[in-house]
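Down below are the structures I want you to see.
After this come two complexes, each holding chain A, first together with chain B and then together with chain C.
Then we have the complex of A and B:
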């Protein structure tokens, strides 16, 4: 008698084919986008007759030009930097808060713990757009007045990072709690018996054991910050790649292959991260670490 | 989930937690003090009495100098402004006009020994609807541009919300400049009788006729503008010639028109059939059933007879609409003046752009023909307006004390940006029509055109650098002549209603046209669809009057 279930190879092929078919529209969409970024005109047909190779879209984009003739020149690197700043900021805040909160919820039996956990779940159910009115009002109340453009600009970054991070934190806390739950208590006790404080135990013993979880949370938060458009568009003074693309997709005026190049640039970190961190993500989805 | 920790360790841990709490409390207090400093940190004003008022006299140099002196006395060395604009890549003077105005004011200050300078950031995007949405959300937060150039259709909402500056009083001192603007455009800059901006550009929507195709079927394009003007060439004639062009094999299509609702080109049909879109007495939009029925019928008939693509509303601009027109696959095209230079700067024709000579040789242009014999030809304009943020200058020091000075400076910048040469440069390179009579004269000046071609004009180096490639392609006598030729169309122009609910109605029109063209609805069903959609939206229903009935004995073509 076999102790594991082995499916027939034929059945496996059917599953793979079905998955491939299901993801085909997505794969095709991205392929056409990437091809268009290297073409003189948009590639919208599968026969590829409209594909005429050129690098000019990328050259124009990297020079910050928005049109073949005319238009204004933007500092595209500054825009990439802004996007990166928001993404890294969100990743940092989310990681910091969720590793601490996840640990507390996993290990400390404080008053209201259960309610807080339920509340976090409810909070996660709220989409960002539903909270925008409140978050907008809060910005109006807290924005520094009469401090000049530079202060306002910095504050807008600070606010967007915090607001966006707040949306990610509930899920991340749950994720981190799951990781901390899998670490045996004995590791922590032995640390405390050896004279370490609770903070030291958290920092020196627990965090290294939940590294995959931390990386997964940081990764999700980074991508959330990188992809965000609603909060960035509403509060940030400077442009990010998302708002830059949104403001310049005007089918009549824009040179669309150039916008396709901007779209591909915008996709790059997502693709790279998913390729690099595939294994970590799988671990995080299964909600634990290898024992 | 229980746990056991030795009691001694717990006590030590609690002690440490208390210490940590103390640190957190101190840090919170410090942050609070810091935040208070940031939020209310404007209190420390100087005790010395300095002027913070300027009266506008109408003498530009004197006013600018007076403002400069007040700013200098208040210790301001740099005034930072930002201008937000949107549109096609050839229309960048919408933002660079303000940059140039800043440079010209800086020059005056420099000559008078005033140590204050204006620096201007530009923000220019393709989508003007998107720019408007962004302005709406960011203006209350104090993040929007100090200047906002966009369609006049948005002006009523922005004025109503208090997001743009009422410049009526400032403008009184500058009547000599204001009077040089075309009156209909100034009207478009007003809301409830108050002036909220100055016109930046406008356009007409010529009805383009392909000359080589017309020759093949015996249509005389040279006399056509006059016939259209007199109402002798109507939409029935457009139909007959389109049919002839298609049946003779001279072209694939008889007519190509624009799509979407943001550019309200197709509502020209309503005006061409003597319909109304707005009732000034009630302030409501109008669904003029007879005119809309005739419009939809014409669309339906053209599409059923294969003279107009039935899926045109989903055609791609760069891959289908423009290439079809420039490659001569249609006899007639409903377009805009800006097409003229767009065809010269974008590669729509077999991988290249057209030369000015080709555009001139291939395309004739007339008004939008009258719907029927007894009706008038029309055209449509959508003026762009330079508006000033009601918080203009807020990002500069001492805003509360110097608010009025900053606002007046912003107004003077708009006045300067409306200088005839700046307006004329914009018109020539973007094929928009001038908004000032003086600019119209300049366009006809050959020497000035030559100087512009060689960039021997008084312009900021940054602006010159930005427009030099457009200038190279677009500045020539052919394009200037085109602008002169089409300027008469403004006498026949209509404006889309500047009503906050108009965009919603325009979207419904677009849906109905698409369904009628595709054959999913008859013209009558199309009209009913519009009426039902309007009635289904309570907000829209309150703002729209439905007038007239579907004409029973009407025939097209006549």
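Then we have the complex of A and C:
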């Protein structure tokens, strides 16, 4: 780690302490959630008197036994699969669109390029919730009529992936444009002179050079798809982890520590990705965004 | 193995005129240097030849073929960039093989050709490394190998040596010149370093503000500069310039007087010109101690360089630089006379800054 060495070492611990204090509610919340998932009762205070270790919650959850007493069962693996399908779908669409759109915004001088960039920024500023009525209208207009439930279910996956991806695309395109901007023109010229077409240059030279950006964009999109509740709740016929938790959190039969386990499962990819991909994400924030 | 003809090339970027009616013929197998300060348009001209830029006006011919509207890949040119532009995610082998792969050359032929060109550039033992594992000099060789592997008709080089350290630059300079002659390839070399251009090129085109000022052999542009700028830009230290006034058969230079050089007498008479700029190279004059026939001045400073020394002389407040042998010693403020080799004197028009003989011809 390089830095300009003018900062006084003495005050560094104050900074760290302040950061720790600021993130304390988050850390506390997550800790209690994870502890509860391994406990017979919910852990709601700091003295841990209510913590009694058990693996039962996780075992029941993974078997799909929702309530400890009753016979209510769900196919939890199916739900995880659905979540994964939405998340991967969103990641795929976003990555595909943003690597191509980012390249053209960065490298191709077409009419309306400036306007498009501004438009993308404005679109990014719109919260997904605000758009949901319109997006729902589109859903109603495009949903296949008179088909069986299976077709409808499939279409709802298709639709939710596209709709959710559309929300992520403006920011991702900007990120990718920033990455492409950092690649010197000479790489591209060199490829052109060597006989590559513009598409070949994009695929064989530019994409490998912006790999960290692609990874970051794909990760963000995956997490967005994995975590999404509003769009999934509105359009998807099947359940994902988010809607599963939402549906069961207030059910009479639900055993809260079990829901805590589901919540931990739901958080898992986020935690794993942020730990694994810290470097890449930092790079995308500091190096990626350039106008 | 092609002759390049540029006819009336003009290139505009928006309102900026980068190239202004460039006419130039680059002969087959010739090593042509495009020399100019930064921002002069020399790289733009190179990229226009390569096909990356399309000229706003004018045509480009390779032999008799009009290539103006032909895309770069069909022009069969090799280009070496200033930053070399080696693809970081490919090994040296893959980098060199890339142009051939795009041409769908069979695998075994790629293998053979890459090894051949790598051997020629002494990088055959680096083929499995990545660019970041190489030194600057090695990277540069790889870039040249990649440009040469497709056996181009024209080799274009955009300041390929400027990222190397001084000693390595001198070494590669000699090698590159030799390589170009051995391959018999037409080469265009962009540089801002006058020493590089003089050392390597068969001919030099001096470019300033999008215009070609002069084209000629290194000797011609060095000893017979058409413009004051050319005399100033070539040579280290540059040409000396002092203002002079014609007084009959003499030139008055501040408080001194020297005869009008014989090769200018007729021209001055015909032009009837009064005010001129006298130019001469630092090594075309000698310093005589004391007051004599020549330009009178005093020693301002002196810088020994080993084999010789540069003496800065003040002529009534105007500084000129003259080479002197190493064994001579000077003191600050010493009175001296500068005797200029008469046949090497160039006189320029004071306003147009053109050498008088060209003014006369036009």
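Everything that follows uses one rule, which is that the second predicted complex is superposed on the first by the 278 of 291 C-alpha atoms of A that agree within 3 Å, B and C clash if a C-alpha of one lies under 4 Å from a C-alpha of the other, contacts with A are read in each partner's own complex, and residues count from 1 in each chain.
Convention: a residue touches a chain if its C-beta (ideal position, glycine included) is under 8 Å from a C-beta of that chain, and two chains touch if they have at least 3 such contacts.
Just so you know, these numbers come straight off a predicted model, no measurement behind them.
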| item | value |
| --- | --- |
| First, second, both or neither for A:50, with chain B first and chain C second | first |
| Of chain B and chain C, the chain that contacts the larger number of chain A residues | B |
| Contacts of A:193 with chain B and chain C, given as first, second, both or neither | both |
| First, second, both or neither for A:42, with chain B first and chain C second | first |
| Chain B versus chain C as contact partner of A:62, first or second or both or neither | neither |
| Which of chain B and chain C A:234 touches, first, second, both or neither | first |
| Touched partner set for A:249, first chain B, second chain C, both or neither | first |
| First (chain B), second (chain C), both or neither touched by A:138 | neither |
| Common ground on chain A, meaning residues reached by chain C in one complex and by chain B in the other | 189, 192-193 |
| Chain A-facing residues of chain C, complex | 47, 50-52, 71-73, 77-79, 81-83, 85, 87-89, 98-99, 102-103, 146, 150 |
| Contact footprint of chain B on chain A as seen in their complex | 40-42, 44, 50, 52, 66-73, 107, 109, 136, 139-140, 142-149, 151-152, 156, 185, 189, 192-193, 197-199, 233-235, 237, 246-256 |
| Complex contacts: residues of chain A adjacent to chain C | 184, 186-187, 189-196, 200, 204-205, 208-209, 211 |
| Chain B residues touching chain A - in the complex, by the definition given at the top | 1-6, 9, 12-13, 16-17, 20, 35, 38-42, 80, 87-90, 92, 95, 122, 124-128, 130-131, 134, 137-138, 140-143, 260, 263, 316-319, 345-347, 351, 394-397, 399-400, 429, 466-467, 469-470, 473 |
